[in-house]
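Each chain gets a letter, A, B, C and D, in the order it is written, and its residues are counted from 1.
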Amino acid sequence: MEVLKISKDDFRSFVQKKIENSDQRTIGVVKKGSHFAYADLESVEDMQMDYNVTMLPPKKYFQPPKEILLKFKPKDASSYVAVNQCDKIALIGVHYYDLASLFLMDKAFSDGERDEHYMKKRENSVMVGMYPTKYFKYRFAKSVLRDQAYKVADIMLVDMGDDYVVEVVSEKGREYIDGGNFVENKYSLLEIDEAKNKIKDDQRIPVPIELIPEYLVKNHGHKVWEDFGNKCFSCGSCVLVCPTCYCFDVSEEVELSLQNGTRVRTWDGCMLEDFAVCGDGHNFRKEKGARFRHRMFRKGKGLPEKFHSFGCVGCGRCAYSCASDIAGPVKILKYMEDNK
Amino acid sequence: MGAKPKVAFFDFASCEGCQLQIANLEEEVIGLAELVDIVEFREILTGKAPEYDIAFIEGAITRDVDEKKIKDIRSRSKVLVALGQCAVSGGIPRLKNNNPSLDNVKKMVYGDKYNMPHLDTYPTKAVNEVVKVDLYLPGCPINNKEFLRFVKEISLGIMPKLPNYPVCVECKLKENECLFDLGQICLGPLARAGCDAICPSNGVPCEACRGTVDNPNKNAMHEILEKYNYTVEEIKRKINIFGVDPEVKK
Amino acid sequence: MSENIKVDVHHITRVEGHGNIKVNLEEGKPDVVEWQVPEAPRFFEAMVVGREYHEVATITSRICGICSVGHTLASLKATENAMGIKISETTTVLRELLKHGETLQSHILHVGYLVTPDLLRVGSVLPLIKTHTDVVLLVTKIHRLSNEFCDIVGGRTTHPIRARVGKFSKMPDKKQLVSLKERLVESVSDLKALAEVVKSLAGELPDFTRETEYLSLTNKNAYAFYEGDCITTDIKAPLPISGYKEIVNEFIVPQSTAKYGKFNRESFMVGALARYNNNHTQLTDLSKSVAEMLGLNGVCYNPYMNNIAQVVECVFAVEKSIECIDWLLAKDLKVEDDFFEVKAGSGSGSVEVPRGILFHEYEYDDNGLCVNANCVIPTNLNHNNIQLDFEKMVPEMKHLGEKELQFRMEMLVRAYDPCISCSTHYLNIEFK
Amino acid sequence: MCENCECSKDIQKNSIYLPEVAILKEKKKMTDVDSFFVFELKDRSLGHLPGQFAEISIPGIGEAPISISSPPSDDNTFEMVIRNIGSVTNAIHNLEPGDSVGIRGPFGTSFPMNNLKGENLLFVTGGIGLVPARSAIKYALEHREDYKEITIMFGCKDPSQRLFTDEIEEWKKRDDVNFIETVDTCNPGEWDGNVGVITTLFSKVPNIDPKNTYAIIVGPPIMYKFVIMSLHDLDFSDKRIIVSLERRMKCGVGKCGHCQMDNIYVCQDGAVFYYDDIKHLKEAI
């Protein structure tokens, strides 16, 4: 892996040039109130590299909250055509845990039946990752992170003060930096490593992640599910903001003229009450506690068994978004540990 | 539903903002007029019809004369839709029921002449307390996109469903800062979505103007409120702005 | 032609709310000439009692969907007045802007969708989609703009969200303001085109006059919508808002659930024509020229001309909105922190809604709970004037025959643009 | 949305969500809510195995997973029985022969007909559960020599809810099939057969040999628990119990998450399961 360096000023003018290039959308982190969100950059002035966490993860670009899958004319089943929005995009400043989450998302959409709607969007993207420069109280990424981020990143940035160290991870990344003032790296491995680890997490998962699937099975009947479930609003915030949640609903929308329609996929979530309601009205996960348990099992057992990687990347978004303050995996596991 | 469904609009005790939301569809009203046959809509057109495929009822029922009228409309309508929160739950007009004495209410507004017969009123009722309601289109005012969806789905032979998840879902999709983080009490976790989280998106806590989800977790809300030093009374009063008693569904 | 004339319009259409017209002339002798308002009363003044100060505007906004901005603003002003809250200049300008948005929105809706069918003698705007497509599209275009206008500033077209006690809960996006301004600038030519259409149809407006008293806000700095004192055509000096009860003198009549009002004469008129009659010298040059073009030259006693005054005010609202936006664009727009203390007190507030002058008055206790309320709604104030217009016009026009008479009476009611559903109301409250 | 670029052609070719066209050939009412449908694909045979399902689309209304009720066949037709309970199913009921629908599939696992060779088959079906089971029943009857004793139990709410009544008559007549049925309730004089829930049938079939029999259960959610209890009473091993589960599904291809329990997706890992493989899942039965 080639390692280069660029001054922050040069990087900003590099990004500004990218923004002006209309072939590719340049997406970065911008301020939204006192929080941060990914958005199309109109000028590098809006770009924030120093942020704690974004409200929604970058999945919104690959599995948009509402996405058209098909178009059709009502009453004519031969009229179905598949459509996709496959803009070329570059995402700048994606934290490593969000990159790791895309590793899981990629698996989910490519394993077995390959979902081209998602995969095409991923193929058309360039991911410029970075190590966080700001502390976030709910983050525990360090205690779950593996090397998956490097399977998704095209470039990784490390904040060195006035410069970024630039790790060129993929061929795509190499092409992307073409034309910028990227020069030879002068920082030592030690310095880089220190910079990468500068921001500490206060929180950590109390159980070794390899053991979690087993741990959960053992605690299937633990009182945490009911205790926390009783406090749950079934508001879905925790799953909507989660970078590794990708459940969806599919429905059809018809224009007012009733002449044209689209089949759309929208975000859905297992914490919502009607998620498992069947045709006959039977709800297979009627109890709040059962839904609460299902979410944790999916992160801690279902996904790991399917994709050989823990299903949570430790971003802390769920913990932060939960009005009842019960959704964070750290809190859940600690409660289980404390109430054996 | 035959060729073009015959659609009518009626209003009872209300501000007519929901019908206005429909007029505000602009060009889409033209599309709507293509899709359905608008046979009565007193606010924008002159005309009457003997029966209706879909009757949209705006407003709450507060008088005997209105009760007679709505029963008559019901008997001539195939599908009857409660349009807007006044019709769905009694809405804002239901606030008057909070006062234990109706006479006091009347006196407060009409003074010593309160007993003149034409000023008569009874405790506000939602439409479904008087006649059978087939569909509910909640909100104060309604979301006119949801109204269009209802009309389209009924035309296609689909029984429209309301979202049964809380406003937080839409609030998250809008990437709003949660108002709880800003120290405000928001009814979003209990309230029925479908408004696109319009109040939180404008910096104002949700007031559950579309009622609550089927199974709102009131206990969880009480716990949070205790944490914020609010009383149960206060939250009850809040929910009750739009005639929604959390003990009562719809 | 028969001398026996009977008109019985049960629920006049294309107005907000319910109103009935009843005429029964036998042997040519007026027997019954009656304007009835059977709208279900809703008792807002009783409903806000016991509510927290910040909920009051949310509730009273629901008095009327069309004038919801005006009700919100009058309510906020009354609450702020009661608690001695001083708002920032930015908040004031935003409110004025929002007010102009409502004026444009409501007047266009009324003139375009509700009155034009009268002038073209059809039952609604729907047939006009086919026969007068250009006009409908023109109206729709301006109406859409006005709705999006209220959305951008108030957060929602009907029942604004952002206007709160003391502040705005969210600021309009500057980019949106810039594009709103561009569209408003463009809309001036659309409004002129609309004025041309109205002019070509204005001949259809009945030639009927009855001098009455005209009541509105007035303000020495501007053609008043948001701020001012009370003025009428019968008095010399403006009177303060706080004395509104002595001006409107509401009373209850048997044929109406709405309350009627009177001041120096048996009745008075409020609304666009009243504002025009009192303040027309303060119009902008452009709106003045539109007024002239449409035949409004100074004080006018033909109530049908209220619709013409509305068109004039649309032009004025657009021009003033552009000024407000320019002012706002030069400022740093940030949501203000809550800065005031909740305390006991009473106060009133007034604005001009599209249909005329509006008053709210509240009293609060130490906890900011409302203990007393009063709202005086412009539509109600006009009812008595409509009744008297009827009484004058029926003998004058009865020779036209029942159908035409009925048509002109309905048209008169619509000219007043009544939102009858606002009929809630009260007198006889004691404020200490 | 790019409609003319390369990737839109790609997506047209590769989208797993794009249905192909089938034409309704035949429609027959079975009960007040269930009807029988024969569909035909344009240029291919569906190529399904017994127990699989397909996603059927009505443009403008939506998509629903429906079991294929016919055994595998060489021609392009396949059969379904659909209960009218909602928007899509209602729209299908309103179709007339010649109308088109969208089809995706076949999806899911199938009854392991090969592994069952040389065994006794015990079908326990409740209500509309007979529909998917029928594909296996018919398959077994078409390959009668491969299987030993075949017993079919069928239970439904009341006599009016019986499905495939003509075929039932045929099965009853055959001496190489033991068909036995019951209804939960009936009006006096309406029915002279068994009355009672499906588990009451077990006492009427004396010689079930749990060592050489596979039980195949398909029915409404509550039925499974009780039938499995009865089978356990007969000493059935969980490896010899096969179930077909119904869950909410939106994609049919293991993505949407609706049918998931733990690491299992009913649409891909099922709907047909060996009970032994899912009994640890508390949400399964």
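Just so it is clear, a contact is a pair of C-beta atoms (placed from the backbone, for glycine too) under 8 Å apart; a residue touches a chain by one contact, two chains touch by 3 or more.
Keep in mind the model is a prediction, meaning the values are calculated, not measured.
S.K.: Among the chains, which one keeps its Cα centre farthest from the Cα centre of chain B?
M.R.: D
S.K.: Could you compare the number of C-beta pairs in contact for A-B with that for B-D and name the larger?
M.R.: A-B
S.K.: For chain C and chain D, let me know how many angstrom lie between their CA-based centres, rounded off.
M.R.: 65
S.K.: Quick one: report the Å distance separating chain A from chain D, using the average Cα coordinate of each chain.
M.R.: Comparing mean C-alpha positions, chain D is 38 Å from chain A.
S.K.: CA centre of chain B versus CA centre of chain D: separation in Å?
M.R.: Those two chain centres are 43 Å apart.
S.K.: Would you give the residues of chain D that are in contact with at least 2 other chains, written as numbers and ranges?
M.R.: Touching at least two other chains: 60-61.
S.K.: For chain B, write out the residues touching at least two other chains, lowest number first.
M.R.: In chain B, the residues touching two or more other chains are 156.
S.K.: Any chance you could list the residues of chain C touching two or more other chains?
M.R.: Residue numbers touching two or more other chains: none in chain C.
S.K.: Would you mind giving me the full set of chain pairs in touch?
M.R.: A-B, A-D, B-C, B-D
S.K.: Note which residues of chain A are touching chain D in the complex, please.
M.R.: These residues of chain A touch chain D: 68-70, 72-87, 108-109, 112-117, 120, 124, 220, 246-252, 254, 258, 261, 263, 268, 270, 275-280, 282, 284-285, 290, 294, 297-298, 301-303, 305-306.
S.K.: Hey, which residues of chain B end up touching chain A in the complex?
M.R.: 28, 31-32, 34-35, 148-149, 152, 155-156, 164-166, 168-169, 172-173, 175-178, 180, 186, 188-190, 213-217, 219-221, 223-224
S.K.: Would you tell me which residues of chain B are touching chain C in their complex?
M.R.: For chain B paired with chain C, touching residues are 11-21, 23-24, 26-27, 30, 33, 38, 41-47, 59, 62-63, 65-66, 91-93, 95-96, 98-99, 104-106, 108-113, 116, 118-119, 121, 140-141, 198-199, 201-204, 207, 237, 241.
S.K.: Where on chain D does chain A make contact in their complex?
M.R.: Residue list for chain D touching chain A: 1-3, 5, 7-8, 10-12, 14-19, 21-22, 57-64, 83, 85-86, 89, 100-102, 220-221, 246-248, 250-251, 253-258, 260-263, 268, 282-283.
S.K.: In their complex, what parts of chain D are in touch with chain B?
M.R.: 60-61, 87, 90-91, 94
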